[in-house]
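Going by the order they are written in, the chains are A, B, C and D; count residues from 1 in each one.
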Amino acid sequence: MIVVMKSHASEADIQAVIRMVEDLEYSAHVIRGVERTVVACVGEERGEAHSLQHLESVSGVERVMPVLRSFKLASREVRPEGSRIIVGGVEIGGPRITVIAGPCAVESDTQVNGAADGVKSAGAHLLRGGAYKPRTSPYTFQGMEDEGLVLLENAGRRVGLPVVTEIMDAHDIELVAEHADMLQVGARNAQNFSLLRRLGKIKKPVLLKRGMATKIEEFLMAAEYILSAGNPNVVLCERGIRTFETATRNTLDLNAVPLLKEWTHLPVLVDPSHGTGVWSLVTPMALASIAAGADGLLIEVHPDPLKALSDGPQQLKPKRFAALMAALKPVALAVGRTL
Amino acid sequence: MIVVMKSHASEADIQAVIRMVEDLEYSAHVIRGVERTVVACVGEERGEAHSLQHLESVSGVERVMPVLRSFKLASREVRPEGSRIIVGGVEIGGPRITVIAGPCAVESDTQVNGAADGVKSAGAHLLRGGAYKPRTSPYTFQGMEDEGLVLLENAGRRVGLPVVTEIMDAHDIELVAEHADMLQVGARNAQNFSLLRRLGKIKKPVLLKRGMATKIEEFLMAAEYILSAGNPNVVLCERGIRTFETATRNTLDLNAVPLLKEWTHLPVLVDPSHGTGVWSLVTPMALASIAAGADGLLIEVHPDPLKALSDGPQQLKPKRFAALMAALKPVALAVGRTL
Amino acid sequence: MIVVMKSHASEADIQAVIRMVEDLEYSAHVIRGVERTVVACVGEERGEAHSLQHLESVSGVERVMPVLRSFKLASREVRPEGSRIIVGGVEIGGPRITVIAGPCAVESDTQVNGAADGVKSAGAHLLRGGAYKPRTSPYTFQGMEDEGLVLLENAGRRVGLPVVTEIMDAHDIELVAEHADMLQVGARNAQNFSLLRRLGKIKKPVLLKRGMATKIEEFLMAAEYILSAGNPNVVLCERGIRTFETATRNTLDLNAVPLLKEWTHLPVLVDPSHGTGVWSLVTPMALASIAAGADGLLIEVHPDPLKALSDGPQQLKPKRFAALMAALKPVALAVGRTL
Amino acid sequence: MIVVMKSHASEADIQAVIRMVEDLEYSAHVIRGVERTVVACVGEERGEAHSLQHLESVSGVERVMPVLRSFKLASREVRPEGSRIIVGGVEIGGPRITVIAGPCAVESDTQVNGAADGVKSAGAHLLRGGAYKPRTSPYTFQGMEDEGLVLLENAGRRVGLPVVTEIMDAHDIELVAEHADMLQVGARNAQNFSLLRRLGKIKKPVLLKRGMATKIEEFLMAAEYILSAGNPNVVLCERGIRTFETATRNTLDLNAVPLLKEWTHLPVLVDPSHGTGVWSLVTPMALASIAAGADGLLIEVHPDPLKALSDGPQQLKPKRFAALMAALKPVALAVGRTL
């Protein structure tokens, strides 16, 4: 931590800060600059050390600035070569781009099987589908729940694709883990720390989406909750953040992709369906995601988007998804990946 | 819903939209304007009717605009005189301003009792304190949990103040409801719909905080989850939203206060401690909140903020809190309220 | 500046940074922490010294953190007692709240005189009105320009109020300064540095509005352009920032008021008309602004808002403005000000 | 325009709205829904018709919703095949990707020539460099001004590249147009309507950057100012918007690229240097921009970024720029473009 003193801080103020820093078992180095005096605190910065931050309310102190980023196990330094996570036999984070596709929500046996056939034949590697749906309104379709889970699992088995589904409630972890190969944490639960901690107790891979107002560093701290509780199988997913722009549902933050690849060893996927909210933008943004260095994609595909019970405007028809996969291949090759 | 056709939409496109609208059991009214044709859909708009939104992906359609706001039970129209919620005998939403105060987290018996004495003697109406803490980092203090709950309850009883504490996990609802008079849902769980739905099954009052990226309309939809599940005792709390400004921890959106008072019958509190993150801004923003029409305040008070295990920079010392209460009184009177 | 080295930075990296820092004529203090080494650079930080920032692209460097805020003449330290600016005989920044009111745009002789009578009789201290209008669309009313300037000046003289009007083009400064007592810089020109520099060459007071995406520190840097060019008569105006919230036109950032009062000696006004964009929110937010510590208000008043050529939805009728002034008085007194 | 009445609006309210709509020379169509009555107004919506918006303040009215997007000449409908703009003989908007590169600011003869050699030999098509610099602080380097203009022009001529430079002040248009082949409007002037209107009076191509808080629709309205004043040669540039994320300087909004290509016929470039603010992210985001459908790039290149007088951390060395160009080629081909 660096404590910046106010320009008119007295010598007594400075000495008081030094005493407080030493009380917290840090050593204090004073640097007297032209306009400001600065106290550098040396010691283990993470954890309770955050109490140094409180010096901000001490007389004569202008600001307290942390030196360290606060994630640890998620840091690239821990595994410079990058992590590869295996989901039902499919590797995420290797040279091959991984594509997870399927409907926003499981709506019926016919619908999920229609989607499964479409995404499988276009070359997707995993099947996704929501059984429990976090909907802004309590009056809209909330998912088929347990029944949807079984339909999804069966559809995946039939076409030979591992399945990914969202977990909304810690109470359901055991049940969902029984039926699915990977558990997704949605944007609205990105900082539901109770849920994250419990997902750290299982071994099943977790697909962690960035929250709508989550900074990149906080996103990695959310992953850190799962990692530090014992589950190393975390895959990150950029899905758009909330900004002032209203022409798209969210603002897909592709800057986050190369930045995350620098900061963490965890694989990084992108969800251009939620990231745009508009089907016609999904394909160009999928290509852009891979060009930016993403390890894979999450794409919503529905056999009949017009009849979808949720998120219709952003779901692709299987035929359009097949065209996306075809367009993706040369871009993947152009950046040294395969599909 | 209003469906706006593209300028070059063909007559066939328009007829197709009309058919789809009618298939969804709405009646379609076509208005042919100078540059655009518009199809107005008449029928019950909420719930599954949202499938009209999917028309956005139909050929010839430019946009689909909802006409109705989507909250219903929270709407001011339901109870124009406003709701008054009783928490442990204390009324929120009446002419008297309600002040909830106490430490960010319960840290020890001495600390919570010190805070309780301070806030009681300064005139607060309820005691707050966190037993379960949602912290960005897994390496920082996570709360005293069950033990903290008991300490808080005892401190409240001793000084004669009902207590408010945060609920993070649906699993703990029963336990927390046993010890606390009001359950707080924090910003990070503002759209944890599983938790909200379960809070709708109890009768204890809920203090629902706005999420960091939650629009005012979505905030009311979150309340709607609790209301529609059967619990009418919901109090809203504006606590700052996330913006580009970094000089303060959050941007307190006081516009939300008079707007919420227009749109909903639920009482509206403001939390200037989280809304600013800087103790020296808490008092002026507390006064501003009441001037804007808020029904009360949530203020963090700690007997020794420098030693606080969380959120030290924004907690007030009891002496400063007493000064805040003294300053608040004439402002409350100036806007026709009491304290 | 504080240079934070990466955890795996080599001794050679550290020595290279020290050499570069010394080449830039700073002295380098090395602090070796538990996980990171930090190089503190001592010297005059402002101006070209920002080249230290470039060390961020040097091998082994993780981050470069500035220690100083970059404004200087605007800093509270320069004049701890606060500045009072005189506009046509009216003082801004003293104990009395200053209210500037009038139509968004000057539209006709009748309209501006109607507004002038209304605001004068309700007790406003200055008359505002736009002659040159920055409109998002080139197809909407762009202001009466030079003619409007004369109408405004005459209306002000007739009722005995100094006048404030917006300057959009450096080319018009001389002309506008001839007719108006104070020149307003709108949000869209808040970082039009050419214009700001030229306003520094005149002596007429400048009302500088915050930009829609301007951080508080940048806002003060914009003021610094005017101050450093020689004009000390700057009054700041918070008018709302752009956020994800769409229920209001902007998000009025009242946190900025007490923060600016801490950081700068310049007077601070608030414009709740633009800050909300909704007439029914103007009065509560005007009261909140004064409770938060603002030195005054900017309020849009139009004799017939329904016929206004711009910003109708946020303009008050004179009768409602008079009610606002009546409601304001007790709030001003409650916070130790007069009206 | 669609006027939505409140649920409890009286018949008299509705009749009053109809009269007002007809007074404004629109025809009113009333649609009585289940929960709301809606009045659709038919007529020319743009320009003064915006006065319909004012109905929002009328008794019984809940909301007024515009039906039309407000840009006209910039609309794709005007020229479905897309515009190609010629800058000093170089075409922007055709099948070939256009790359504009050069230093943030012209700093010396040696520096600008070093940069010119580097970008030319790596295959850039235009040379950029700032002579007038919009800097947040008045105490930092403000550009070489007129002298810089001449150095840039000469460097461009020597290597055979047309030149692009920023215009900050309408006063300088003639001079800058004499020396440069394209005039750039920076983000801070994106809504400086005086400047835009004057740029509409010349014929030289204009490179218009998106403002930090400018919605895509407003961005097109800014272009409309230039187009409607008579200059059809406008090229748009996405350069990042301001959001809550602080790990990057701006959030590059690549969603804007395919959306702008749908909405407008104007060419669309991307500036990943400002869009990220971090040199190591420039190359991946340049590739992503082209994959998303951009017509070209704006890249900052400096012979010695460590010594740059502005924006050092985001400028590439010529060698790294050459690597970017090499990496770009296969991506361009993969999306059916050339380089």
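Quick note on the criterion: contacts are C-beta pairs under 8 Å (C-beta built on N, C-alpha and C of every residue); 3 or more make two chains touch, one makes a residue touch a chain.
Just so we're clear, the structure is a prediction, and the values are computed from it rather than from any experiment.
Chain centres here are C-alpha means, and the one lying farthest from subunit D is B. Looking at A-C and A-D side by side, the one with more C-beta contacts is A-D. Distance from the subunit A centre to the subunit D centre is 30 Å, each centre being the mean of its Cα atoms.
Here the CA centre of subunit A is 25 Å from the CA centre of subunit B. Separating the CA-averaged centres of subunit A and subunit C is a span of 37 Å. Residue numbers of subunit A whose C-beta contacts span two or more other chains: 213, 242-244, 246, 278.
Listed in rising order, the residues of subunit D touching subunit B in the complex are 2, 4, 7-8, 29, 31-36, 38, 40, 42-45, 65, 67-68, 77, 242-244, 246. Of all residues in subunit C, those touching subunit D in their complex are 20, 46-48, 50-51, 53-58, 70, 72, 132, 134-141, 168-171, 188-189, 191-194, 197, 211-213, 218, 221, 224-225, 228-229, 242, 278-279, 305-309, 312-313.
Of all residues in subunit B, only 213, 215-217, 241, 243-248, 251-259, 262, 275-276, 278, 280-281, 284-285, 287-293, 327, 330-331, 333-335 touch subunit C in the complex they form.
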